[in-house]
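Provided herewith is a single structure, encoded as structure tokens, for subsequent inquiry.
A, B and C label the chains in the order they appear, each numbered from 1.
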Amino acid sequence: MEIVVCVKPVPDAETRLRPAPEGTTLDPEAVKFVLSGYDESAVEQALLLKESVPGSKVHVVAFGPAPRTEEVLRAAVALGCDQATWVDAGAERWADPIRAARALAPVLGGLPHDLILCGKQAGDDEGGLVAAALGELLSLPDFGAVVDLRWDPGSSRFRFQRAVETGQESWTAPAPCVVGLQQAWNDPRTAKLPAILKSRKATIARVAAAPRSASSPTVVPERFELPPPRTGAKMIDYRTPEEAAQKLVRILREEAKVFP
Amino acid sequence: MTPTVLVVGELQGGHLASGSLEAIGVARSWSGATVVGVVTGGGSRAAAEEFGRFGVAEAYALDDPRLDSAPAAARVAALKHAAEVSGASVLLAAGTTFGRELVGRMAVAWEAAAATGVTELTMEPGGVRVRRPVFGGRATETLRLEGPRATIALRPHAFALPAEAPVPCSVREIGPAELPPAERTAQRTGVTVAPAGSGPGLTDASIVVSGGRGVRAPENFRLVEELAAALGAAVGASRAVTDAGWRPTSFQVGQTGRAVSPQLYIAVGISGAIQHIVGMISSRVIVAINSDASAPIFRVADYGIVGDLFQIVPALTAEVRRARGL
Amino acid sequence: MPDFSLTAEQESLRDLARKFARTEMAPHAAECDRSGRFPEEIYRKAYDLGLMNLNVPTEFGGSGLGVVDQCLIVEELAYACAGMTTSVIANCLALEPILLGATPEQKDRLLRPFCAQYQLASFCLTEPSGGSDAGGLKTRARRDGDHYVLDGEKCFITNAPHAALYTVFATVDPTLRHRGITAFVVPRSAEGVLPGKDEEKMGHRASSTGTVRFEGVRVPAADRLGGDGEGFALALRTLDQTRTPIGALATGIAQAALDLAAGYSLKRQTFGKAISEHQAIQIKLANMAQAVHAARLLTWHAAWTIDRGGKGTLESSIAKCFASDAALHVADEAIQTFGGYGYMKDYPVEKLLRDAKLTQIYEGANEIQRTVIARELLEHYA
């Protein structure tokens, strides 16, 4: 089976977030870029499928600028991916998911692929659109929020669960298809030290990303802001518990606008 | 020129799901916009009339039960047709698994700028401006979707349900859908509905109610769970509770447990140790209920109630049920 | 001038160690400290990830890292638990004499099978009658045909109760003192090897320490490292290599203490404000930060010197001595910052003081380090 995994370099979860000086995006200064939890699960799933179907290969692909994208691809190689391709975004430092999908699709289209795996959403912008957009660009069905993905050799189909708001759906799908994987339902492996050292010497194929088409609709980042620091709770006065309850529900509804 | 917004209806139990209703509310709140609905799948013809209940006068329906077992890709042609015929410039959907798949595919098929998880949006000349949380709710970005078309998925539970404003709804049927033979395409083979009261998963939930050592004994934790059930919320716990074995570690919110960033986090009987705080600090709204007025949790909460949780929480549960009509 | 930034490879190694330390070691540190349990399952995981046998070349199944890279890893592990780190790196100490003193045939025969699976090894120099006075050791090695017969007792040996392999320093002629000392590699399975029980220690309680008695143990001459009487020099060269990572271990303890104290000072309120706003605490934290920073840089400089081929005796002695003294002082001040809470075993900070203390004693007591520093230093003025 030829499995392609799409990953994205995102800031490490412990990064102190700061807007860049012009205020439109995150300041990448001193940010450590890593594979998100969703992407780690996607790579893990690809490796598990590879191990279950002898003769399979995993090719990891990422769209982004230097040097973060190459680093993240090496991390995926250290986990066990056989090949890596970097779709070089050049001077583009920020891209929305549709732009990313449009950059990835022609590269993916040129690779053998029985399965295209993505994390359900990017660890930073949490857009969750790449799998669907890739599906439309490559004329393949896509499935988001997948758990428990298996290959059934008897029927030559994938079997998986798709998490929906009301529960779960069971699905089967023929190869090839695009899957957006839910996070951490599998237990992503940790790369071992010898593999980490070996990944430094791995060859990463580089392809320049097709430039944005002038006629394509664009998404422009305008502001990146942190929430104002919390200043302490507004305490609710009450005489009876019922009064406290009524006041709180009213506040949640009308002031905080967060009541279901 | 008045813009037209196409609201994608998702069906749940034969009716428009609450996320779709929220989307209707958002569309209708744009002054000057014409709102049109579209719903696909089995039972769409009947469900489409529900658009009328909420003030939408026109809707498209593709009533084809085969779509329910087919991938979202099968609905794209119909949505695109509805968008073109209605002259829509914005497609709006709930940010559900289904909604996001459609928004992503339509962004390509319909050549539109896209965004998901949106909590605020305004129509501007030349596009739509949206705000959305990023980094697990630790920051917010404002984006401009430029161009003649935009596809947008809303953040779940971020908007109020619209008031009923019945108008006659003219429903136009479209279809049938063109589907490849079943054996050549993906098929849904089963549906498992999560048992009532089991609630959403902790990390994805929009509302979380967590209990701490203040509940005093494991059998009292049900007070927390009842409040969560009334709110449709996930249940969390502080480390004190999971260390004591009152609930499994999968419930633990905190530095060594899970990080959550729901719209609403209610901390019941939790003092607010730093290792718990870091797990929930990016929640949009935090409410704390604690008998100790000097508990550190009140420093990070937005609203606080100092009192006996054994009185406050049952009263709150009752009031929530009443307010939600449960 | 050296570039102080880490390469991407070094960051990956450090991140691996940090992830292992925070997710596998840290959650069990307090429990192992309380009970004295030897967490074999954690050491196995360290081995699986390639975090053991760091100094052994890859051709023999080790990780083949230089001293700088080892220090990056050791500091991260020690941040989570010094005791577990001591046991993890004890293999490096035990195997280093083989790396430095063995023939190619010996290296292949002794290292390859050892590193091929999870096993522990112990470096056996210290005896009840002398640790710092290693030249006066009493364990005898009597030649008998193509064997030596070992008799004696070693004590305070890390991993001894669990080791599969012992690197043993014994004397062929006590009258020659250090010039009689000879090094041997002895498997646990050899008859007469008698490891003792786990000692009850003040700190590093997740590590296992004990005696090993050798009673008429027959060791093939082929398992002798170098020639008769060359063992003492081999031991000193070994310690020149392994001393610096102890500086990193101590730095890890000190960093953990600083982080705890600083974090606590921002939350704890007295006299109407966070204690971090009281000058007494600010001065403490400033001194602690200086000590941690200096310990790390001295350690890195020593490691860099050795990686470039230098002997590094002066630099590594300074690093080990300074960093271990710093760890003790910083841990002490961290407890003081916590006040009464710092004294409670419920809080993680008092463990750090108990762990820091050992770093001043083992791998060359700091008194000896100072005499070494003085000797190296004075040579420049001679």
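Assume contacts are C-beta pairs under 8 Å (C-beta built on N, C-alpha and C of every residue); 3 or more make two chains touch, one makes a residue touch a chain.
Just so it is clear, the model here is predicted, and its values are computed rather than measured.
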(request) Examine which chains touch each other and state the graph shape they make (line, ring, star, complete, other). (result) complete
(message) Looking at contacts between chains, which pair has the highest count of C-beta pairs?
(response) A-B
(request) Averaged over CA atoms, how far is the centre of chain B from the centre of chain C? Could you give it in whole Å? (result) 54
(message) Nearest whole angstrom, what separates the Cα centre of chain A from the Cα centre of chain C?
(response) 41
(request) With chain centres taken as the means of their Cα atoms, state the distance from chain A to chain B in Å. (result) 20
(request) Show which residues of chain A lie in contact with chain C when the two form their complex. (result) 32, 67, 71, 74-75, 78, 190-197, 199-200
(message) Going by the contact rule set out above, which residues of chain A touch chain B in the complex?
(response) 11, 13, 17, 25-26, 96-98, 101-102, 124-133, 135-137, 140-145, 162-174, 177, 183, 216-227, 230, 232-236, 238, 240-242, 244-246, 248-249, 251-253, 256-260
(message) Help me check something: in the complex, which residues belonging to chain C touch chain B?
(response) 27, 263, 267
(request) Going by the contact rule at the top, pick out the chain C residues touching chain A in the complex. (result) 8-9, 11-13, 16, 19-20, 48-51, 58, 63-64
(request) Show which residues of chain B lie in contact with chain C when the two form their complex. (result) 256, 274, 296
